[in-house]
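After this come two complexes, each holding chain A, first together with chain B and then together with chain C.
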Partner chain A sequence: MTGLRYVYAVCRPFDAALQAQLTGVSGDPPRLLPHGGLVAVVSHVPEAEFSEGALRDHLEDLDWLTATARAHQQVVDALTAVTTPLPLRLATVFRDDSGVRVMLQEREADFRRTLDRLEGRVEWGVKVYVEAEPAEQARPERSAASAQSAPKPVSGRDYLRQRRRQTRATEDLWSRAEEFATGLHARLSGRADDARLHAPQNPRLSGAAGRNVLNAAYLVARDASEEFVEMVDRTKDDAPGIRVELTGPWAAYSFAGEAEGDRS
Partner chain B sequence: MTVVERREIALVDLLDRLLAGGVVITGDLTLRIADVDLVRIDLNALISSVNRNVPSPFGD
Partner chain C sequence: MTTPSRLPDPYGQGQSANLADILERVLDKGVVIAGDIKINLLDIELLTIKLRLVVASVDKAKEMGIDWWESDPALSSRARHDELTRENAALRERLRELDPGRVPREAP
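So, the complex of A and B:
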């Protein structure tokens, strides 16, 4: 079969079979391409869709991007069930098998080092949000009824006082949220082998309520994961107006680069 | 406070990892688009397509 080679991940050789119905990007089932002591997980993709120019256009097409990202993730996820994969960046495409082999050979030492570092570990995502409408939550003295029709300030001084109270409540929630996120990140980092901060997510893209103040990833050993998840779960203290979201376990996407995190 | 564990993976969480994470392989052998281009998949393009399908919760 002709076409280009899409590479999902690099692994050490493993015995388990991949799920029979697993399909990759463009619907072609992924297969293993061993070379030296490593295995690349690849599938065929049509040149019409994945040539450089086509790729550039497609990456701005949300439906295409969604389908490709989900297919990529599905393959990496299936690998995570049977081994510790080293995931590659989305849309890493080679002209042919021999290109993939040359890459495996050239990067072998790097790959081995990174695979050792990730062995038996998964990634957990933790996000902290400040809920929308903080002022309402921070001022319990204002009843639901008054929220419907806020009392009209009788004088300029009353108005300013009201505004000041609102501003203070908002600032208070913000500083509490920041303190909370910093503390949580420190505690979770203490339990993790490594941590990365992603940029806060744009609420218009995520559709999530509230403002994202922490978007972090933690590298955690599989056998320490239950404890880690419980630790996140225990953050259910009294912290009104603040929401924590946990995602995972993921393959160690955020930790696939250099250990120091500097990819130049 | 609530701790929410989502079953369905959100696209943004996926893109945080697939576009910013993962091993980057460069060289003549790959057709991988340059990082510059990835950065250009700017949120603007995505946001406009998201908003076409899903009404903004903020009512613009």
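So, the complex of A and C:
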């Protein structure tokens, strides 16, 4: 059984070795498939799992998807440590090596252009969360009744005063968060070569506390990354009730897509 | 350090990496290449609505009719304004119940 070829990324040739124990999706170690002046990073995957029908079914399976996504990311991550990879979307699969070579040849100009643009750069993710529970704002009567910290209102006027205070505090927090996120994004964009805004993450999947109000990616040169990270770190204590989360360095996933638009 | 140029230590990655962060990148970002096995990730029922929210870019989400953040007070100032107006009316109503003589019937 030779299996299918799963492609993780396209890079320029590099000398460094990948981590010895690195395994790709389905447990096969990734290998380099050079063609022309480019290298595809591939591993063998079983047809039983990655044929069209099987893949369609598997993608509906959150456990399978999670394991595959993590394995994909791990290989791309290992590449990021030694070179500037152009990460491909999950589940890019070919029948055999020659299919991969044909693809490298056909897209060579695109790949080179994008690799030049990304050379020596990585992606940093920055998210801003508001830590208050917005549900309180949505249901005034219930939240007032359930708020443990606030003393029980003794009169209607008391109740209203409390409510107004809460509303004002929540409103203040939101507008501060908006201002904070806008300012932070402007500052970080100024330090980055490029930036992308992504849709805010759903807390039910991310498991993160609070409400995600900014979800951005920044393309930053490797040697400017330390400074970028310090800049993000410095903002972390700036605003009570607002949390800043940094992830990275990632391969430049969010900035790898333009090759397609350029083609037309 | 074996990296070509120094990079700060990773933040929030490895085994502990947030699944949403990984999925939003590997499913929605990265270079799209038509391989021999053709799967359009957006065609997959996968990911149920909840998951799609996470992986969809804003434009794609709008294409799919998902625009919850536009009506979400946390994310849209217009929605927040509506929310405040609603709450204001609710408070006025409550005030009227508690102190009928002193509250004007009409909102200013």
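A few remarks follow.
Following the convention adopted for this analysis, the second predicted complex is superposed on the first by the 236 of 264 C-alpha atoms of A that agree within 3 Å, B and C clash if a C-alpha of one lies under 4 Å from a C-alpha of the other, contacts with A are read in each partner's own complex, and residues count from 1 in each chain.
In the analysis below, contacts are C-beta pairs under 8 Å (C-beta built on N, C-alpha and C of every residue); 3 or more make two chains touch, one makes a residue touch a chain.
Keep in mind that this is a model prediction, so the values were computed, not measured.
Of the two partner chains, both chain B and chain C are touched by A:59.
By the document's definition of touching, of the two partners only chain C reaches A:225; chain B does not. In the superposition on chain A, A:240 makes contact with chain B only, while chain C stays out of contact range. Touch criterion met: A:93 reaches chain B and chain C at once. After overlaying the two complexes on the shared chain, residue contacts for A:197 are found with chain C alone; chain B is out of touch. Of the two partner chains placed by the overlay, neither chain B nor chain C lies in contact with A:30.
In the superposition on chain A, A:209 makes contact with chain B only, not with chain C. Of the two partner chains placed by the overlay, chain B and chain C both lie in contact with A:253. By the touch criterion stated above, A:81 is placed in contact with chain C alone, chain B being left untouched.
The intersection of chain A residues touching chain B with those touching chain C, taken from the two complexes, comprises 4, 7, 10, 50-52, 55-56, 59-60, 62, 65-66, 69-70, 72-73, 86-95, 99, 103, 107, 114, 125, 198-199, 201-202, 204-208, 245-247, 250, 253-254, 256-257. Chain contact summary for the complex, chain A toward chain B: residues 4, 7, 10, 50-52, 55-56, 59-63, 65-66, 69-70, 72-73, 86-95, 99, 102-103, 106-107, 111, 114, 123, 125, 198-199, 201-209, 215, 217, 232-233, 235-240, 242-247, 250, 253-257, 263.
Partner chain A is touched in their complex by these residues of chain C: 2-8, 10-13, 17-27, 29-33, 35-39, 41, 44-47, 50-51, 53-54, 56-58, 61, 69, 73-75, 77, 80, 83-84, 87, 90-91, 94-95, 97-99.
The touching residues of chain B, when paired with chain A in their complex, are 1-6, 9-25, 27, 29-33, 37-38, 41, 43, 45-47, 49-51, 54, 56-58.
Those residues of chain A lying in contact with chain C across their complex are 4, 7, 10, 16, 50-52, 55-56, 59-60, 62, 65-66, 69-70, 72-73, 77, 81-83, 86-95, 99, 103, 107, 114, 120, 122, 125, 130, 134, 137-138, 140-141, 155-157, 159-160, 163-164, 167, 171, 174, 178, 197-202, 204-208, 211, 213, 222-223, 225-226, 229, 245-250, 253-254, 256-257, 259-260.
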